[in-house]
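The following pair of complexes shares a single chain, chain A, combined with chain B in the former and chain C in the latter.
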Partner chain A sequence: MKLGIFYSDLRGNHDMLFRLKGEKIGVFLVGNGIYHATIKEKGEPSPILQKKEIDYYVLSEDLSTRGFSTDEVDSDIKVITYSDLTDLIMNDYDKLAWL
Partner chain B sequence: MGTLTIGVFSSLIGSMNLDFAVKLAETAADKGHNVNLWLSGNATTAAKKGQKEYKDYSYLIKKISGLQKKGVQVAACEACSEARGIHAGEDIIEGITSIGMDWYVAKAAKSDRVLHIGVE
Partner chain C sequence: MSNNILFVVQRPPYKSENPKLAITHAMSCYTADIHIDEPVEPTLAYVGDGVLNCIRDQRSQDIYGLISTEQHIKVQLSGDMKILVCKEDIERLGIKEERLVDGKDLGAEAGLNVVPFKEILKEMEICDHLMFF
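Let's turn to the complex of A and B:
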């Protein structure tokens, strides 16, 4: 199973995220979830970014509405548009979850 | 091209999840996918006629009718709507079907992708 997980909040259930399994996992940071891609607390990146086998994406529109530019995004995270997101969910991930 | 069904529980005002769902539905329709949008719980507030447009509030009536013009099927849960005083026929925006959850289940069963947004 190729699982696409939407993360739309800064304070979320990180344990749930790490309990989800799949042959391929992608995390889409949307809404307030984009803060995981841009802010560091106590100098550390977000705890949800520590899984090397996960592909991380952040929605460009939700970044810019919150005042962030793409070069403020953690380098391990791919900045995508709604069009990219549509292609990813329709082609690369067959199951979707919203946390 | 494929079929995407999106189900949303989130409120029209106070959560950006419904705005996200509408934009994703619009993008998928523009790319030639078949899209179904199911509004239930507090998301049925988006199906109500007579919403007033204020600059700093989510106002999705035009966006939703735009989706319908692109062939997106939009349905609102009849029970959730009625429970919130949004009555089929009188209160629901033209073109939005007020119907039971079996509509959503049937659409989801036949879709390539299903995204359920169950939180505020």
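Let's turn to the complex of A and C:
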């Protein structure tokens, strides 16, 4: 299964995220999920970014809305637009989930 | 007699209307006192993840057509509303003070007050009414 996961909270369900398995897992950081890509709480990156096998994406429109620029995003995370997001969910993932 | 109301915002912006309601309620205090014939003094305090409301350069107006929380904060700063931001929480989240909203372009003399949490606790003790958002 190729699974795309939308993550839209700052304090979300990390346990469930890591229990989900598939041949390809992508996490889309949208809404308040963008803080995982920008904030280093106590100097540490977000725990949800620790899985190397996951492809992480962050929505540029939601970054800008909250006062962040793409320069502030961790280099392991790909910054995407709404248009990119549409292409990804139509072409790269079989199933979608919203945590 | 005056009514001091402290609005404490503990949630990050935009996901829900809750944090925005705190500032719009605080704004309404200045008209409420006309109707109840008593002064109403609002104070806003951003704590916990709520401090994320105070980051500058929010572009929600351009992208989603929403008045940004930054715009609301600036207007209130220019009207001399007292707005507190928890120092420990911005440090915990790695936010530098220069990343915070100021109202200089709207003529505000004072900016956000970054204060230790104990100062916010003190405000909770002295206010007449406490509201958590």
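Brief remarks on what is shown
The working rule: the second predicted complex is superposed on the first by the 99 of 99 C-alpha atoms of A that agree within 3 Å, B and C clash if a C-alpha of one lies under 4 Å from a C-alpha of the other, contacts with A are read in each partner's own complex, and residues count from 1 in each chain.
As a working rule, a contact is a pair of C-beta atoms (placed from the backbone, for glycine too) under 8 Å apart; a residue touches a chain by one contact, two chains touch by 3 or more.
Because the structure is a prediction, the values reported are computed rather than measured.
After overlaying the two complexes on the shared chain, residue contacts for A:G67 are found with chain C alone; chain B is out of touch.
When both complexes are overlaid on chain A, the residue A:R11 reaches chain C alone and has no touch with chain B. Look at A:L49: by the touch rule set out above, it reaches neither chain B nor chain C.
Once the two complexes are laid over each other on the shared chain, residue contacts for A:G31 go to chain B and to chain C alike.
In the superposed model, A:L20 makes contact with neither chain B nor chain C. Legend: residue contacts after superposition of the two complexes on their common chain; A:I39 is shown touching chain C, with no touch to chain B. In the overlay built on the shared chain, the residue A:T86 is in contact with chain B alone; chain C does not reach it. Where the contact sets of chain A with chain B and with chain C meet, they give residues 8, 31-32, 61. Within the complex formed with chain C, the chain A residues making contact are 8-11, 31-32, 35, 39-43, 61, 64-69. If you check the complex, the residues on chain A that touch chain B are 6, 8, 30-32, 61-62, 82-83, 85-87, 89-90, 93-94, 96, 98. Interface residues of chain B facing chain A in the complex, by the touch rule stated above, are 2, 4, 16-17, 20, 23-24, 27-28, 31, 33, 112-119.
Looking at the complex, you find that chain C touches chain A at residues 12-15, 49, 52, 55-60, 62-64, 66, 68, 70, 92-95, 99.
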